[in-house]
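Dropping the structure in here first, questions after.
Order of writing sets the labels: A, B, C, D and E. Residues in every chain begin at 1.
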Amino acid sequence: MSIQEFVDTATDGTPAPEGEIPVLEFRAVDTFYGAVHILKNVDLRIQPGEMVCLLGGNASGKTTTLKTILGMVEPAAGEVRIDGEVANGWTTADRVARGVSMVPENRRLFKRMNVLENLRIGAYLRNDDEIDADLDHIFEMFPRVKERLNQKAGTLSGGEQQMVAVGRALMARPKVLLMDEPSMGLAPVLVQQNFEIIAQIHEAGTAVFVVEQNANMALSIADRGYVLQTGQIVLADDADKLLANPQMREAYLGEMPD
Amino acid sequence: MRMLRKGVRTAAIVAAASLVLTACGNGDTADLTDDTEADADATGDEETDDPGDDPDEDAAEAGDLGSVTYQEGEAIQIRSLEAISGDVAFLGIPNQRGTEIAIADYGDVQGFAVELGTPLDDLCSADGGQSAAQTIVSDDTVAGVIGTSCSGAGVPASELISSAGMVMVSASNTNPALTQTPFGTEGENFSEGYYRTAHNDLYQGAAVAEFVYEELGLTQMAAIHDGDPYTDGLTTAFQDAFTELGGEVVVYTAVNKGDTDMVPVLTEVAGENPEGIFVPIFPPEVNRVAEQYVNVEGLEDVVMISADGAQVEGFLEIAEAEGFYFSGPSLQFEGNNNEITDKSATDFLEDYQEQYGEAPSAAFWAHAYDATTLLLQAIDNVAEVGDDGSLTIDRAALRDELYSTSFQGLIGQITCDEFGDCGAGEIQIILHEDSSVTDATQIPVVYTFVPSE
Amino acid sequence: MTATDPPRTQAPSLFTRARRRLTWVDSFLWVIRVGAVLLIAWGLIGSIQRFTAGLGPTGSQWRDLLVAAIAFGAMYGLIAIGYSMVYGVLGFINFAHGEVFMSGAFIGYFAATALSNGGLWQSNPIIAMLLTLLVSMATSTFMAVLVERVAYRRLRSSPRLIPLITSIGVSFFLQYSFLGLFGATVRTYPTLPPFMTGNIDILGVPVQRSQLLVIVVAAVAMSGLWQFVTRTKTGRAMRAVAEDKEIAALMGINVDRTIVTTFAVGGAMAGIAGMLYGQLYGVSFFMGFLPGIKAFTAAVLGGIGVIPGAMAGGVLLGLFEGVGPLLILGGLGIASPSQLRDAVAFSALVLVLIFRPSGLFGEAVGAEDRA
Amino acid sequence: MSASTAPAATIGTDEWPGPLLEIRDLKKNFGGIQALGGVDFTVERGSIVSVIGPNGAGKTSFFNVISGLFPPDEGEIYFKGEDIAGLAPNQITDRRLARTFQNVKLFPNLTVLENVMVGRHCRTRSGAWDAILQTPRYRREQKETEEYAREVLSFFGSRLAGYRLEQPAFVLSYANRRRLEIARAMATAPDLLLLDEPTAGMNPRETLELTELIGRLRSDKGFTVVLIEHDMKVVADVSDRVTVFDHGVRLAEGTYAEVSTDDKVIEAYLGRPADEEKTA
Amino acid sequence: MATTTTPTTSAATSSAPAPAAPGVDVARAVRVGAIGSVALAFVAAIGMLQTFDNRVVFVPFLSLGDVIFFAVPLVTGYLAGVVPPGPMGGTPRVSAARALLGAAIAGVVVAALPAVLIATLRSDLDLRRTFPNLSPGLAQILTLGQEGAAGYLALLAVCVGLALVGGALLLTEERMRRAVVRGVEIVLVLALIELIARQFLGNLGLGALHQRLYVTNSGLRWLPAVVLFVLFTAVSYVLAGRRASARERMLRTGPERQRRSLIVTLVLAAALLVMPMLVGSIVNELFVNVGLFMLMALGLNIIVGYSGLLDLGHVTFFAVGAYGMAVLTSPASPGFAPELGWWLALPIIVAMAAAAGIFVGTPVIRLRGDYLAIVTLGFAAILERLFISDWLRPYFGGAQGIRRIPGVSVGATTVSGTDPRAMLYLTIGFVLVAVYVSWRLQGSRIGRAWAALREDETTAQAMGVDTTKAKLMAFVAGAMISSFAGALFAAKVGSVFPNSFELLVSIVILVIVIVGGMGHIPGVLLGAVVLIGILGGPRLPGLLQEFQDYKMLIYGTLLVYMMLMKPEGLLPSVRRTRELHQEEFLQDAWFDKKGHFTDDPDATGAEVAVTEASAPPIAGDAADGTEPR
């Protein structure tokens, strides 16, 4: 299958369930760094409660996609829609307020703050009374976090840091949670734990958008997947179909065609 | 190399010739008739081979320094070289303005206008003075220079200007090295053609010492300078003279320019229980000393003596300055008239206020005024109008004339001695008792010191 | 471990280990450390001897000196906060902060003069001084924010030398603009009202009221700031931005606005210091230069980026340069010790950094991180 | 050092008969938190050893202490029989022990060639005067350095060749950066190479390529390699021995087959038996 | 911004088409006008217009004050119509309506604040206690001498008229515009340097030409000024077409570049040899000062530019050189006066400077960047205080400095400041030595170690670079080169005073290095020429002595402008350009790659690198050695 064929299948990939507004949507998005064209006519859609993964190698445009979602990069063309509204021109804060939240690669906690402060800052834009209730909810989900509340985040172990990072993102009460490379540089046991957490969040009804290089793991728990290559969506399908796709297996699952 | 130099010299001669020719054509140019001056650079090369500038050389004979000629319609060029930027601008700017007013008052010299050109900045430093002086000596149309403000800049500047055959008159260099030592010999930085209307530090140091020891009867003194060569020289001179008289300087210490917290240094002083403090430093540091010394235990009743640097409105107007003595050249200019321009000090100050919107920020404006009239008068005396209507000033003659000029100026009698000290040398001590009197000339004199010959 | 014990050398003694790590650089530093301690001790002994012999300042004179030094240091501390906060957030030395301080003092002077001419300064000094303080704070805040907007915002991602040089440029520009606009004269605030002058007894110790004012105002400002940074949401946002701008933005924090707030708060502190300083020592276009450098030194001394460190560094620096010259250098018998106050201040800085390379309150290496 | 059981003359040389690297009871705390709690570790010349363990188990600290970035609090590190604990990193590199970093640390604004030439620093000796006076030694070394750098880079085939040599390092792709970092470490002509997560962030194909390259490091260049790795496929493919770390101590050691079936290892690190992982 | 979707295959190189010329941007015109208005009022209020009103530059009608006054509306008018470049670059053409109408609006706005100023000056309000430069004469200048309402009209006419000229300039071709600006610049400078031109032309035997062009002790005659302007504009216009863009030159390598640089070197060498003969003593003096700062800047360049150690106290080494020379050679040195010859003393003071480098360098070795900066600054402050102190007066003369320092004996003659030409030859000699040493060191093993150190200290050390030694080497080399400057300075001035070694000197040296082009020898040299030669040093006048009062103001403005617009400096090194323009460079790399390499589909690196350029990744895992030691 040629790249163009990939593209063709991608554009009319999975139709949206009728009547539901996607929490996050890209419509023909193009982005540039200077004169370099990074994302090329990208369409994406994440429905409420859905778990979608975006796969791609280095320099395929994954990070740019995330930055475009968060408003750190403005698309030169096309629309980014959050919860049905056109979000072009919104600040990152606006987007977080509308329900986009991210767990960054490598966790990146505020190491000089304690765990509680890290969690609270996740709810920075919220002014409601339910913050404490949500904190309790996080403690329920990660009992070990509660034990470490007054510890500086930098002193936690890798697994604990991951929990705090997810908790911090959840404190914003996101409609869609973005996960940037949740398996990058992590021990197998942590990767596993991570994906369990993701699945848990997904089951709780939050839409999750996982950006991954590790296609196996991501596809095993996702509903749908997109494959990005040099800035273009070359494949878009249900997760199990992607897993079965021979080109996919060759290019992204590390299986050599011999 | 020799070929090159020869080429340059040829070029210079051609240039001189063409200058003369053009001059005849339109009568609009400066002309240098003396061949040694045809090319300042070429001659400079030879004349300045010995930068040590042997000070023992006898006064130059007329004619061997060249001359400067102005064509009809041209202006006589003199230059101002003062500290007009940076932290010492308060000293240099009144000097420059004094010069400007003097030029305006003096009017034409034998029908020729006098032009000051772009005021140059000595930057109150040796390197700045040297570079600026280099600009002056490069312009062979310059007849004389008023400057510098700072003695440090004066050292290299006087050397350069002297070796270029020009003259300079300073209004506020007081360092002895520039003119003479206490023993009546040449100072180590003496140069021919350097004059000053300012007093010599040594006199002032001696004056304060005498006043303190003999009039006030104090024997235990403290001295504070601020790292400026001027104040440092003055306190040293004071210390020497005071010790000689039999007193003792129990603390000799210093602050830095820019210091605001004077409690540490005053505590240091208080620790030695002096009866008086000689603090000849400038504003704003002297303001801080005045404000803070009363609060330092043990200094409530000391006698405070400052010097000319502090005799400015900004200091005199503060309440804490009351009770200060000030030493300095006589500033009782009231009634003094510059006999050449027939201008009184009062008129001068009015003019100054009118023109520049403020009172002079330092005490040497009158010195600058007199320095300028001194120079212009000397030029007037030696300049000769030629047949073609041009004006020629012989540089050597100008030097000699300056050594022998004498007149009544704003600061008193101006008479230059063989080392270039032209000022009166009279030092007065005044007592400031009323902070509403901010004009130093109105403050009563309590002591007058006349250097004995 | 492998089955057959391989041949190996004997474990070196602790001493050998220590000596190996000890390069000649360390030796050099140790010489400096020991030398400095010896010199200081010698100076102290000299001073004590002089004191017991009844020479030099009396006990009460020493005490007054100490109080004055603390008051002066408190002002350094207030200025240092601005350096420290900006460094914490943007990672560069904002050289123009001294001029932010100067502008507050300067415009405060005009306000005070106007109030004095209007009579309020005399009739109701407390309100007049508060108004002046507000003007100073507002000016410095405005200046700090303006400078950030015009000069620094576009340099966020530049290597840190670039904003540093920019700040030097801004510093020159502000200094000489003030010179051009307002002239070189040193201007003096209207005199303090009578109840602010003279001494007051604190626990039996007479303290100058003006110095007490400085110390109290600094303490209040400092604790207010501390509450602000640790307790409020904005304060938390500032710390988050200081640590990681990208992630802070992900939390919904408006990074630009937070940085502006940081500059504003630093500016306000400098404004307070400016008004106090101007009131006591007068104002001039050049007044920001030296206090600026000293305050920066104080910030480094305390551990740059750490707010309480800035205040402590300021007070310490005030003490070093206020008391140090007379106490140590005087004791060593060095001529004109007061002239060397800056040398003492900077030597203290060098020594502190030789002993503690990250400043007094700076984070020790590795304390936050573990593998 | 007098009481050694081996001839003293061989200490620190290639003749040293014992293990290349031997570590005993290594301890390191950071601000009261224990990063290494008494590690014993031995590497024989010519072997490839993998260090695995959960994040925060102390693997990187272990490398940092060995390579001298931090001095150990306690314990001994013998490299070719010589105790190198407490030496500065450059002294350790001098003794032919080189490393790469977990989050690639190149000199981004230097060209690819220059990056590698920096690696030759410790193998050359000419000083400032040589450079100023252009002594023959200087010129010879200058030439050698460049040639050596090119040779090292040629080890990576076409990846870091041709026009790439003159490109600044920051334009390289992620995989190429990792390659360049290895090349730079190779340029120091080490006996022992420490690779910290050499395949992190690489795609499967690149990982495969690098796995093969690590093998060639031993077979072609004769390096002994210790690597930290999370990719169990790489670990299984290249390592002679595997050491598992957890909480700053050694949890297990052995061949991959041995440790991957160890219950403690599965619990702390793998999460499930290794063969399951492969098919997941 | 225009939007297009581009064909996917060649997408990487596509750029957006130029947008259509936009209409009159009133908001921009008003905004730019307001800035211009503030600028004009500011320039007036700080006294620039009045100070320069006496300085006639174009005889008989234009003073320097007028030029500055007129420049503001002119530039404002020009900027009012400019269309800001879109995110993809490219400056679109501007319609005549936009340019002229915008300019007119801006011109009116510019006049606003000055008009208020005039009104205030004419009123009875006494502002001079607050603003000393607001004198009655200022109103005269702003109103062009007109009384009453005519004054305001005159101001308006000037502002609008000149703004329109500026706007019209916008409509011309860019190459032409640049040429015109260049022409104006050159003529203006020529008008300001009458005395220098007099000397120079005199030396060339062209005194008559001087008479034709200039009025002695004044400025250019107006007719020659016009002729020269046309001439220089034409020349710049022609040359502009031939000059390869800076970018191309930067990227060009290989023999062509080498040949070019050889030619440039030869021409420069010839110029260096002949120039001091011709230019006259003022320029010679100027260049001696420039040379001294070149030496200091070359020294600092090794420390900051090559090794990345932020040294804010570089004046230390200059001071050691100067005081060392003073003590060793002057008979008037108070404590110790061996009265050595200059050449004999030179190696001693170079060794002393090296020792000072080690002394300053050692304590800061373990400190991180900015701590290092403040400590070096502290050392400089300590040294300055020690030199001025009463304590060390028996050795260094305290406030009185050390005088009577003899010059440099060269053969039978003695070279000192009184002979700037000889001094210049001597200085050039030392600068050449310093340049050679810097150049050789940069490409050497130690140079590579410095580069590595600058990039990443920890990694450099892990790669076997002895960072302690490398840092000390940098300090020592920098100190030694700078001590030449001190030695020459002492001999030139003949005396040393502590205030020549103030902190500002350090800052100015740093500024030279950065404005010139950090890590790049020609850049550093150019930086010294521009800053010291044209503007002047901390206590030294420059070419434009007229601007002495405003020197620091101009310095500050220039610095901010440079850092915002051209942070890599005037003549940057390739490496520094890469560093500061990673994004642009990546685009090149991308293009480069297209032609060369197709094997590796995802090895572009562009995304990764761009991401890093905009936000360097924070060290991911803990304790991996990213922390300073």
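The rule we apply is simple: a residue touches a chain if its C-beta (ideal position, glycine included) is under 8 Å from a C-beta of that chain, and two chains touch if they have at least 3 such contacts.
Nothing here was measured: the structure is a model prediction, and the numbers come from that model.
Counting hops only between chains that touch, chain B reaches chain D in a minimum of 2. The chains touching chain C as well as chain D are A, E. The chain pair with the larger count of C-beta pairs in contact, out of D-E and B-C, is D-E. The chain with its Cα centre farthest from the Cα centre of chain A is B. Of all the chains, the one whose CA centre sits at the greatest distance from that of chain D is B. The chain occupying the central position, as judged from C-alpha centroids, is E. Chain E has its Cα centroid 35 Å from the Cα centroid of chain B. Centre-to-centre spacing of chain A and chain D amounts to 34 Å, using the average Cα coordinate of each chain. Rounded to a whole number, the gap between the C-alpha centres of chain A and chain B is 78 angstrom.
Within chain D, residues 30, 33, 35, 55-57, 60-61, 64, 70, 88, 102, 173-175, 203 each touch two or more of the remaining chains. Across the assembly, chain B contributes residues 227, 252-254, 256, 358 that each touch 2 or more other chains.
Contact of a single residue of chain E with at least two other chains is seen at positions 132, 385, 388-390, 468, 579, 586, 602-606, 608, 613, 617-618, 620-624, 629. Residues 233, 236-237, 239-240, 243-244, 246-247, 249-254, 363, 368-370 of chain C touch chain A in their complex. On the chain D side of its complex with chain A, the touching residues are 33, 52-57, 102, 173-175, 197, 200-205, 207-208, 230, 232, 267-272, 277, 280. Looking at the complex, you find that chain A touches chain C at residues 70, 72, 91-93, 96-97, 101-102, 104, 108, 110-113, 117, 120-122, 124-125, 152, 154-155, 168, 172. Only residues 253, 436-437, 440-441, 443-449, 451-452, 455-456, 458-468, 473, 477, 575-576, 578-579, 582, 585-586, 589, 592, 596, 599-600, 602-606, 608-609, 612-613, 617, 619-626, 629 of chain E touch chain D when the two sit together in their complex. Across the complex, chain D meets chain E through its residues 30, 35, 55-56, 60-61, 64, 67-70, 88-91, 93-94, 98-99, 101-103, 105-110, 114, 117-119, 121-124, 126-128, 130-132, 134, 138, 141-142, 145, 158-159, 162-163, 166-168, 170-177, 184-185, 188, 196, 203.
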